[in-house]
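Each of the next two complexes has subunit A plus one other chain: subunit B in the first, subunit C in the second.
This part shows the complex of A and B:
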């Protein structure tokens, strides 16, 4: 980062089923909250970056930059960024580039998704847009199917047991219970997860993040300071198709983006105290901990065992918000909401560094942001 | 521009109906041509920006950044930008910000669209995504309908006659006849335009740019020089919905972006010799000439009268490529292809400045690039 970029405002809607709100309503609510929370006025915003994946299919709406711009009195320039479930982090990354270029001083980044106005079948097919339409889709797979294959292979390679995998969602629900913005605010036991309906063997319903409506917004600024700065913003890509990868139990894009982010922030992994990671399916959380370097391959579940017991010596606090499983996953809002949750955790705890890890599809795109609490 | 940005490579497919090529095939062809035309190798590319509007609906494909990245051996980070028919210019603008930030030194920008794999009805509905789904779509309008209303109002305000409007497409076809990448390579008379099938009164079939497949790619670099530099890159937004605008016969986003672009390039409008402008419908070309300042309100057609007669004293050369009507309009490819055509015209003529003007929907987003031939 050449210029210091501050997180000068943030806001989100509750994630969940908002039958009474349109995509535009959700964006508007998150934007208003972010502006209210910041030292800026709407007129200070000189660029908007919108993250959104499903506007066309869920709401018949493209050109969402202009839609967001229309919500502000001075209609600033606006760009929509899409990278499936990584749309949020890529929108933040794009905003950082504009701030560093000097073309903008204060950027509103908003991620929004309206997924419940069409049937779950339509959404499942639309989410398959995050896979390769030529190489993957003809197999008939859906994303639960893709991550089911990943989970099967992982269990085969590392001997992970079904009851251990169930710890992941149990931990996330225990955390989301405390989060007023979360879609699910009830605890579930690992046994309940294991006994829930089979979706794509070995994944069960409670291994899967839900279909959600929601929006989240951040104001990033080089001019309006705050106690939270963006210490690193990095992205990486992998092959879109799973069929072109040597392994499906590790995601190289996560490794590449996180290595670059640690270099950019000039810190070690052990400096990170809070992690929000992309648990679109329970198995993903385990792989992510390994790819990020918090656990050796096959040992991600050890961290969840400690988190489940709330052991105070847990080396890293993971998805204190409740993660995608507990909070809900309005896809493009997630990457921005993760940054908000890391910022909140840093402010509340006084800890210095946290990391938000967001990916698209089966990690064909990864976006990582490291936040620093400058008064820590 | 803080760092000099050069157009170091460019390539495009022919625009038209490519029944035998997928979205990925089209992207690949344009990318390969751009790399071959440049002093760079694929490995020099450290970021890809993809412009695309219709991937989800036309090809079941989202996350196009990763799709493009998968086409290169080293899978660089990649971002997809969408702003309806302005997706191409917004992708270029985003690339400029990354180059100016220093985060990238060489960026591949590719715009691609595959519109003929689904029925025209589906595409017409998908293109309506560029309008406001809540405020405009319920009226039943399509984009020909929107521009039909605009043309009706323009005729009422300025007394434009049907036979004069027909000059626009006649001029574009006369130019595209000479362009090997154009979808239509036959001349049409103004009478043929006036007598073509009515689509949305007063617009007729030959007033409308077609549905097209195609891709265009540019390599922008701060490191690999060329004789063409980006002298300005600017964007602006307007209300997404037409119903919120005081007038529909002028597009403020064009005015705002072009004023900022002239300031950035530090030139006068009269320094511009070549213009590629967004003639999605014939009426748009006239409004654009007025909004850009080349003609007074109601007098855009005077320029087309002179262009039709190929008068050598025509003050500005407009759409020498054939424009959207003659070349075809694979929506996100258009903004990038316009820049390529301006660059070609500057190189061929030895003139110094040209301007590419691209908009989305009814100019709810506008992107403008001014190119300078540095050896002119």
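This part shows the complex of A and C:
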């Protein structure tokens, strides 16, 4: 990083079905909490970056930069960024670029999504916008379908068993039980996952992250210090369509972004203690652990076996918040919520480094942020 | 995305390039497909095609990874403007090729656009090799007897449909004749097998459909497949060459020539895109040279690879 950037404030709404709150209400709640938690006032904010994917479809609302700006008394300039489920980390990355260049000193980053106002069929179609509209959509494929294809291939290549895949969601639910902001706060057994309704063979209902409303906000600043600093912010991209990739059981964008991020933070992978990874579907969590380098190809599930047994000596703690499966997945809020969760875990434990891994589509865009606890 | 005409037009143009056999790389079944696709579970696969490109397309039934599949056009829906939207579905290849897994013998196939000289070339060739090659008669539906030809068997639409129903026709295609008459034509398995029994090499004149169906039925390696191109380096010079030949015949209507040229364009594209279906592509500039080079590539009864009687 060219300048020291601090995470000076953070806030989020509970993720879930908020029938009584609009997109703007959700944003407002997250922004208020973030400002209250920070040493600065609303007037210190020079710029807002908004991450959002479905404003037009879910709420008939475009111009989200302006919408966010209207929530602050001095109407700072605002920019909206979109890259499907990676919108949150892309918003953070954009904010870092403004801060590093010196164009802004304190930036409010907010990711918000309102998904439950329209029918699930409409939302499912809109989410398919994260894949290639010409190569993938005409066949009738949905996003669970894309990961169904990936899971079927992964099982074929590595011999992963259904009961092992079910451990992933069971672990995430066990963690989200403790998280007051999570959508699902109940434990589920691996058997329940295996027996849940079929969505996209071999994926079942409880392999999939839910449709959620929610917002998350961060204040990044080069002026207002805090104990958490951004050690690295990196993004990478891959082809939009699966049909253009040589392999579908690995996501090169994750590898590229994480290598660049570790280099930027000048640390080794083993320095990372907390990981928030993008488990939009259970199979994605396994592939992510392999691409990030925590496991060999085909062995991501070994980490989940250890996490399921709650071995405290596990080398890496994954999705302590409950991940996307447990917390809910309001598309653009997720990337920012992950950073908040890593920061909370670092503050609570006193550990030094944590990594937030967020991707959009089938990892067509990947954003990685490494946080450092400076007093550790 | 709305299903409007321009979007569908572009999608279907892309699809035609993907009409190839392939292998299933990954397969999933959607319990709840998008509502526009109906409410039945939908099987979708990532397929590696013969040209090494990949496609995501529906399957007619769930298949294990590694299965060989064959494309099939299916009517998917009719949009608000009344446009019929087709989609490519893939089905298992095994069922289709199961009856013909034994190598049955060679068939010589000449493919090319109308006017390139397929008929002339095959006539010359057959005259020179009458002792070991024989033309397979074309079955054609026609209402009234048209030009008499010893190589065309005319029959009524009903008789043709009956043969088709019995599965006796191995390859067929649809065409509009010069007299603006819709007709079906194709080849009968028994005709081809009769020639093999005589120990001779069956010769067929094909176009895109017939060639693909013959390859699917007898297996690609049974076909000695030659593509004939008109002389010329660019598509335009090739087409103008065809036009000249068609005009020289003098007895064809303007509408027929226009239609033939349009068809020729897609046939030329097919020759380029499906190189795998051809053993050799020959340019028909000079008749004698083409026939000579064809003869050179023909297996003779003495050559080791060709012995239809033992292979049957």
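What we mean here is this: the second predicted complex is superposed on the first by the 376 of 376 C-alpha atoms of A that agree within 3 Å, B and C clash if a C-alpha of one lies under 4 Å from a C-alpha of the other, contacts with A are read in each partner's own complex, and residues count from 1 in each chain.
By our rule, contacts are C-beta pairs under 8 Å (C-beta built on N, C-alpha and C of every residue); 3 or more make two chains touch, one makes a residue touch a chain.
Just so we're clear, the structure is a prediction, and the values are computed from it rather than from any experiment.
Contacts of A:360 after superposition on the shared chain: subunit B is touched, whereas subunit C is not.
Shared-chain residue A:197: touches subunit C; no touch with subunit B.
When the two structures are aligned on the shared chain, A:121 is found in touch with subunit C, with no touch to subunit B. Of the two partner chains placed by superposition, only subunit B is touched by A:66; subunit C is not. Of the two partner chains, subunit B and subunit C are each touched by A:134. Taking subunit B and subunit C in turn and counting the residues of subunit A each one touches, the greater count comes from B. By the document's definition of touching, of the two partners only subunit C reaches A:145; subunit B does not.
Contact with subunit B, but none with subunit C, is seen for A:103 once the two complexes are overlaid on the shared chain.
By the touch criterion stated above, A:244 is placed in contact with subunit B and with subunit C alike. Overlap of the subunit B and subunit C interfaces on subunit A comprises residues 125, 128, 133-134, 137, 241, 244.
The residues of subunit A lying in touch with subunit C in their complex are 121, 124-125, 128, 133-142, 144-145, 148-153, 156, 197-203, 241-244, 248.
By the touch criterion given at the top, residues 1, 10-11, 14, 25-37, 42, 44-46, 53-58, 62, 65, 87 of subunit C touch subunit A in their complex. Those residues of subunit B lying in contact with subunit A across their complex are 2, 22-24, 53, 55-57, 59-67, 69-70, 75-84, 86, 90, 93-94, 96-103, 125-126, 128-130, 132-134, 137, 235-241, 244, 360-361, 364-365.
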